[in-house]
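Each of the two complexes below includes chain A, the first together with chain B, the second together with chain C.
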Partner chain A sequence: MHHAYLDEYTDLNSLIHRLDPRIKTIILFTFIIFIIMTKPGIFLSFACYALILMVLILFSRIPFGFILKKSLVVIPFVLLISISIPFIKNGRIIADYTLGNFKLRVTYEGLMSFFTILAKSYLSLLCMIILITTTKFSELLKAFQALKLPRIITLILSFMYRYIFVLQDELMKMQQAKESRSIGSSRWFHIKTLSNMIAVLFIRAYERAESVYLAMCSRGFRGEMRTINRFEIKTKDLFFLFIIIALLLSVKITVG
Partner chain B sequence: MHIPDGFLNTPVVISTWALSVSALSYSLKRTKEALKDKMVPLMGVVSAFIFAAQMLNFPVMGGTSGHLIGGVLAAVLLGPYAGSVVLACVFIVQCLIFQDGGLTALGANIFNMAIIGTMTGYIIYRMISNSLGGKKRGIIAGAIFASWASVVIASFVCAIELSISGTSPLNIVLPAMVGVHVLIGIGEAVITSLVLGFVLKVRPDLIYNIA
Partner chain C sequence: MAVKAVEIRNLSFSYPDGTKALEEISLDVSEGESLGIIGPNGAGKSTLLLQLNGILRSNSGSIKIFDFEVKEENLALIRKEVGLVFQDPDNQLFMPTVFDDVGFGPVNMGLPKNKVEEAVHQALEEVDMLELLQKNANHLSFGEKKRISLATVLAMQPKILALDEPTSNLDPKHRRGLLDFLKKLKITKIIASHDLELVLEVSSRVILLDKNKIAAAGETLKILSNEFLLTTHNLEVPASLLK
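Now for the complex of A and B:
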């Protein structure tokens, strides 16, 4: 079965990959907060942030094409929500179109806020992509836990991550079996069969969860899970954190 | 509807995060009380189930397709608290791994669908199924209306957040958002009721608090 791979580039060995996951998480989350806090229309600071992100991607040795492809998948959704903004925001009118008896106005303020939103969401997207492509998901969860995300959430997420592929595989197999037998059937038939597949998947998932739980109990599970935590912050990590925060602050102070 | 980063302003980001965190920690507490140490494996595998189910595309019209969201489905099967925990986990993984919805907007996305959508959906479901006697017909009827309403209510809350943030005025974003989701909700209602109908036939014991 074919999957969208999750941890595709997390095995590379680069400066960014070797950073302590906690430090990396802090750096990229802070980065996103700086991006979001930028005032509308200050595109120079967006350019500076983009430049820093480019350098980070370069250091991480992840192909630019991969990151571009991954980031473009989300852009249609962003455009869908924001495309109306230049037309509906009040302000100085810079263009006027008449289509029949329908009037379209583009305002300067609207255009500014449209591009600001686009820049903010794209740059934040790049931050998340850098984080997830340079860190294994299990390490990321450990980092979250070290950063005080409740343990119960990280445990559920780690289980979820383990079973997403198992269940998706089952679903794809059912779908293949269905498609090979039901060519040309009515739409209602497809909807009904697909719904039944989801129901079957739920029953199987529930039963699987129960047997997983029993297997865990028989191995001594009492609601606690022990994991080895080998994280170690080196001076290199702190130095990197310091440089990035200094860069972000200097952009914020000089450009705004 | 997943809000990306950059669409919400700081006050909305902070308040939706605060609301989501407090509601979710209450839900976690109630789920833990009900499921004890079975909670982690069960919630993990069921979250993976909702995640996988959302990836299944249903034919809609002229080549377009839609998918299940699963808020009311999870709440009817597992109860409102466990249901909202499951949905929140799905949103967290979608945000982290697929960048579907922004990190700063994650609080709002969880609040809209996992908290408001699931909880109000469950209340509506309960009211309708109780008034119809809680039997099979009542469960299906309740689930149909509740899953439609949960999608519409979530889009309503989402529109309000976008307009408070100054992204677009309420009189434009509200009809646009709610209008689209009135249609999306129909799909959600159809799928949810068909799935529940099958579970009722095969394993009715898996439905939460069945009368």
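Now for the complex of A and C:
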């Protein structure tokens, strides 16, 4: 089985792809910090950040459509969380609605922080998308490791990345086996078998974990996970890092 | 006299739930020998292999690998000497990339970075899979996974290679490639398999396990042409030996 949707564009060869994964991670996380630190309502600086991000995407040669599609997935969640803010926050009232004996007031300050949250989360999201679409997942993990992210987290991510597709295949095979043997049974029956399949999947995952652990022990695993990376910081990487940070700082200082 | 690579004496083992898996197994394997382990499903073949590097530890009896008893303080050494390849390559390959997987053993052995890379390249070259170095295991075919599983163990340069069903689910071309490779490989080999043709070609000696015991042991040709013996243990004479 081929599952490509995680690493779809990571094989491209662009300026951004070739950056050292550690530097790339630092750049994009710094970017996010700058975005988050912007005061509410200063939309000009958001526009500047967006412009820089656009240039990065352009350099990375990843189709804009793909990034747009990926970024839209998260927007509903942000809306769900922030939709109440214009109604709750105190301030100058700009609109008043009455629904029966239920009163809704929209405030200017509330609306401003709503748009700010929307802009901040969308821009931060773009940073993350640029990072993960231009870096192979395995390299990203090593970058996290090199940047001293707790081992347990990188390990969990690493095993997840390796086995999520294996489990998905198992589920698919069970599904196919079920389809081949269930003719015209009721919807309720299908729901019941689904719960059985989930249980079986849990047991298989557990058993596989056991076997994988044995395989690790066989190859000398003694409780400490070690990997080697072959990262090498070049002048180009540092140059890029400084350019981006200089840009971010100048936006911060001139616009606010 | 040849050096004893493996010496097993009166080994018995039952799983924590009480299921008996091995009873009174005694077995010697000399250095450089190729031993086949055959037997019906559930006879204890895989369990025996897992004993060899101390993954499962016996309740009674002893195993020695090159004069080192399999016990806690020798485990690091023994797991370097005994390379165990599991049947399911999805269990054998657990790292994000092929490079990390093949390098896992050497890194654990404490080799420096450049030696690890050398070992990885050499092992992948041996199984002819060097071009997949940076691939992710999810993107490999079953045959490729099987070969890389072998490389993950070869990279540790073991003195004993223990294989569990090495040819299962392989297409004829990959199977032939593996067989030829095993025949060329000079180290001690212990192969548990239902593929009796494989055992016939690669192994000089065979033990037949059934119901957790050694039912027969001897020269490969002698055992594998004994129709009565094989059929009583749910096996059959390989087609190439029938007239």
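As a convention for this text, the second predicted complex is superposed on the first by the 222 of 256 C-alpha atoms of A that agree within 3 Å, B and C clash if a C-alpha of one lies under 4 Å from a C-alpha of the other, contacts with A are read in each partner's own complex, and residues count from 1 in each chain.
As a working rule, a residue touches a chain if its C-beta (ideal position, glycine included) is under 8 Å from a C-beta of that chain, and two chains touch if they have at least 3 such contacts.
Note that the coordinates shown come from a computational prediction; the quantities given were computed from them, not determined experimentally.
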For this session: Considering only touches as defined above, state whether A:F43 meets chain B (first), chain C (second), both or neither.
Result: neither
For this session: Identify the partner contact of A:Y9: answer first if only chain B is touched, second if only chain C is, both if each is, neither if none is.
Result: neither
Exercise. A:T227 contacts which: chain B (first), chain C (second), both, neither?
Worked result: second
Problem set entry | Between chain B and chain C, more extensive residue contact with chain A | B
Problem set entry | First (chain B), second (chain C), both or neither touched by A:F59 | neither
Exercise. Between chain B (first) and chain C (second), which does A:Y108 come into contact with in this model arrangement: first, second, both, or neither?
Worked result: neither
For this session: Figure out whether A:V212 sits in contact with chain B (first) or chain C (second), or with both, or with neither.
Result: both
For this session: Based on the superposed arrangement, let me know which partner A:S138 touches: chain B (first), chain C (second), both, or neither?
Result: second
For this session: Quick one: classify A:L155 as touching chain B (first), chain C (second), both or neither.
Result: first
For this session: Please indicate which partner A:I32 is in contact with in the superposed arrangement: first for chain B, second for chain C, both, or neither.
Result: first
Problem set entry | Doubly contacted chain A residues - partners chain C and chain B | 137, 158-159, 161-163, 166, 208, 212, 216, 221-222
Exercise. Which of the residues in chain B come into contact with chain A in the complex?
Worked result: 2-7, 10, 13, 25, 28, 32, 36-49, 51-53, 55-56, 58-59, 68, 77, 85, 89, 92-93, 95-97, 99-100, 102-104, 162, 167-169, 172, 176, 190-191, 194-199, 202-203, 206
Problem set entry | Partner chain A, residues of chain C touching it in the complex | 50, 53, 55, 76, 79-80, 83-84, 86, 88, 90-97, 100, 103-105, 107-109, 113, 116-117, 136-139, 152-153, 156
Exercise. Which positions of chain A touch chain B when the two form their complex?
Worked result: 6, 29, 32-33, 35-37, 70-71, 74, 77-78, 81-82, 84-85, 88-89, 113, 116-121, 124-125, 127-129, 132, 137, 140, 150, 152-153, 155-164, 166-168, 170-171, 175, 187, 190-192, 194-203, 205-206, 208-210, 212-213, 216, 221-223, 225
For this session: Can you check the complex and tell me which residues of chain A touch chain C?
Result: 1-4, 7, 136-138, 141, 158-159, 161-163, 165-166, 208, 211-212, 214-222, 226-228, 230
